[in-house]
Amino acid sequence: MINKQHDTPADAVADIFDGATVLIGGFGAAGSPIELIHALIDQGASDLIVVNNNTGSGHVGLAALIEQGRVAKMICSFPRTAGSTVFPDKYQAGEIELELVPQGTLAERIRAGGAGIPAFYTPTSVGTELAQGKETRTFDGREYVMEYGLTADFALIKCLRADRLGNLIYNKTARNFSPVMAMAAKTTIVQADSIVAAGDIDPEVVVTPAVFVNRMVEVGEPLQESAMVASSVSYP
Amino acid sequence: MSNTSQEVLGWERADIALNIALDIPDGSIVNLGIGIPEMVAACIPADREVIFHTENGLLGMGPPPDPDSEDPELINAGKRHITAIQGAAYFHHADSFVMIRGGHIDLCVLGAMEVSENGDLANWSMGSDDAAPAVGGAMDLVAGVENIVVATMHCTRKGRPKLVRSCSYPLTGIGVVRRIYTDLAIMDVSAQSLEVIRLAPGIDFDYVQQRTEAELTIKTA
Amino acid sequence: MINKQHDTPADAVADIFDGATVLIGGFGAAGSPIELIHALIDQGASDLIVVNNNTGSGHVGLAALIEQGRVAKMICSFPRTAGSTVFPDKYQAGEIELELVPQGTLAERIRAGGAGIPAFYTPTSVGTELAQGKETRTFDGREYVMEYGLTADFALIKCLRADRLGNLIYNKTARNFSPVMAMAAKTTIVQADSIVAAGDIDPEVVVTPAVFVNRMVEVGEPLQESAMVASSVSYP
Amino acid sequence: MSNTSQEVLGWERADIALNIALDIPDGSIVNLGIGIPEMVAACIPADREVIFHTENGLLGMGPPPDPDSEDPELINAGKRHITAIQGAAYFHHADSFVMIRGGHIDLCVLGAMEVSENGDLANWSMGSDDAAPAVGGAMDLVAGVENIVVATMHCTRKGRPKLVRSCSYPLTGIGVVRRIYTDLAIMDVSAQSLEVIRLAPGIDFDYVQQRTEAELTIKTA
């Protein structure tokens, strides 16, 4: 009998190890798996390589993980957003590494990683600083940059609803990177607002099929990063 | 023509947005950058149906919500609260950039730090070494959307021209800009120069050229 | 006002030209856009390059298009299925060209074409006849074949329901190649069992967003290829 | 040991499917090829939950429907009518092969024309020039699924061994097969030989080796 459900976020993230590469879903505050990130903060793993579009805001969630000094390197497209000071400060102090990737290239690299595609060519960034040192190649008279697929040890994502088998649906633009991150991680860990019986999600509307999900935890009323940042909450 | 009169001459920011909106054909799929570009949405004439794409996973972005009905899980690429129109669709980030990179978006309106006379765009980095650089989807948009237009004030706040012979800031893309809408003029990027197709009311060609490092010409039909 | 709706399949396919590359949705009989294919037969375009997983069955739909001598080349993964004689006979007679592509590579090439990706690397077919003449490259000690993105002039697909703007949902495994084909064609032509008002399809469950759809025609009770083949119908 | 007694010695096709089913761990995601492999689904022990993937876009394939409730839009990769279980999911072909190529399917059971002693598989083409070749998803499956097992009769109907030193038919993949289930034995592919891990009732090692071109050994624990 398939049972992917864990009792607590702490159980679900217990084996994340020092130096692991961790994909974290969310775009800004939308879709950010706050409870899983906080469990990872409590858990203690360090020297993490974290992939997220941003670097978190305020002093909760991803920003708090960075603030605790647990992230050695960020792979992202936009490390500074309104209310984001933790990463920029650490970066200026030379305390954290940054791999800056154009947003579409980041999404495609993650999907490629999940799809067993080691590399692909993209027109994005040709002729710019972000293409420096990268292989280029011309197809049909246009120049492209070769980019590598990106895989990870773990993915932490949030969804609206999961069924017992691990089929997921999301909530509006909180979907963002999570479906491709679920594809690209060896172990995908999901926090769901609710976990329902198999069959309670219409097979036609499943966004992330269960094959991409390894662990789930129900977090009934998840914290909202944007509200926490607005009220200056810090974690822990 | 003194510097101090610059604020009152030419178009306002809202006029720039309106000029762009009036040029968008009915039925277009459009992606809007941050700043003046995002003001375009509200300026589309009522008899045209224009669909807005936001790269974080929504086709059919609607106007901002009432402050009391904001949804933290419904935001645009600029991280602002938005709504979704009737007939919208949500999708994940990889699919969203299939739309962009694959050439499925008709028009993208972006801000600029600099545009060169051959259409190079610099709008993502000041090139300083200590601040964390941030690129977002800008490079994907200019690489994937065929019709890239820029909405910008003609000069920086300090009066430095933004339309230059060659960009000094790090590039977002090479030869990607098609048309430039500023407070002083509307210009097409051609092989040789920036061709002025319209001047703001009360502004003459020389006035614009004096505030432009790139070479300007008058577009002839 | 966006209006993608055409009155008849004939209107929708009127401008398909000789020599065009045409993606046709469907896997076997499931999802086959029979009315659009029959309209293309009536319309007369020839020397077509057709992309489909198979080559049709019996003497209707894609098999009929091939039987009429209108297809110069098929790009597919499995050109012979139960009840398929038209293509095999023409192939043996040297009257039609075949580009055989592994099924997953075919799907990925079509998606890449739609995604602006000119080429990618895949482990599929390494060391086999189907990799002969193709560039290979080693990443992390494993060998991969380079494959090219595939784009087309037209796509003909069937869906269950479309809204006025062109957002689509499908019916079970009739979905198959159609969503990626819609991405990869300059002009995507859809037959829908029904076309509904904008807003009548939940934005969370849209499979093909409207941006990938150019023309639609409502075909209320579409012919079923499998039933036609079973009852030995021929077209025209 | 005459040829004519071959039919009654060893396992039946249904036994081969059962042998495979008994080796599939609870919770596995499995893709089944055509022929003996598709018989595996019905043999899974009742206390195990195994999810079947079919590459034309369904995770959670259920048993065949009653003849009067067949749905032409619900078929498997072999184009047969199927059902979907509670908790199934539909997806498009590119996503389906993300699952396969990306290593997300735990086990794939395939038929074979030939398997070599180093695990090369030939199961897609007779290599004749005039008949249209057809590959389907076979090459994707062997390239993407780590655990590939073969279900086949030990010899062809004409008595020719299918387990060979080196395949004579065009390859589907190189060194991809992990385990082989035939009517005579179950064998693991090792670096040096095919290691017999189980013999069919009443069959001895020599009997199998005589019908096998590849070198067999007895697996030692």
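Order of writing sets the labels: A, B, C and D. Residues in every chain begin at 1.
Going forward, a contact is a pair of C-beta atoms (placed from the backbone, for glycine too) under 8 Å apart; a residue touches a chain by one contact, two chains touch by 3 or more.
Just so it is clear, the structure is predicted and the values come from calculations on it, not from any experiment.
In summary, the chains found to touch both chain A and chain C are B, D. Separation of chain A from chain D in touch steps, taking the shortest path, is 1.
The mean-CA centres of chain C and chain D are about 29 angstrom from one another, to the nearest whole unit.
As a whole-number value, the distance joining the C-alpha centres of chain B and chain D reads 56 Å.
Chain B and chain C have Cα centroids lying 36 Å from one another.
Multi-chain contact residues of chain D (touching two or more other chains): 58, 84, 90-91, 97, 100-101, 143-144. Contact with two or more other chains is made by residues 108, 111, 115-117, 122-123, 170, 172, 203-204 of chain C. Working note: touching chain pairs come out as A-B, A-C, A-D, B-C, C-D. Every residue of chain D that touches chain A in the complex is listed here, in rising order: 26-27, 29, 47, 49, 51, 53, 58-60, 84-91, 95, 97-105, 143-144. Residues 1-2, 111, 113-117, 163-165, 167, 183-184, 197-199, 201, 203-204, 206, 209-212 of chain A are the ones that touch chain D when the two sit in their complex.
By the touch rule above, chain A contacts chain C in their complex via residues 108, 112, 115-123, 137, 139-140, 142, 144, 148, 169-170, 172, 202-205. Interface of chain D with chain C (complex): residues 54-58, 71-76, 79, 84, 90-94, 96-97, 100-101, 125, 130-140, 143-144, 170-174. Per the touch definition, chain C reaches chain D in the complex via residues 27-31, 53, 77-82, 87-88, 91-92, 98, 100-108, 110-111, 122-130, 170-180, 207, 224-227.
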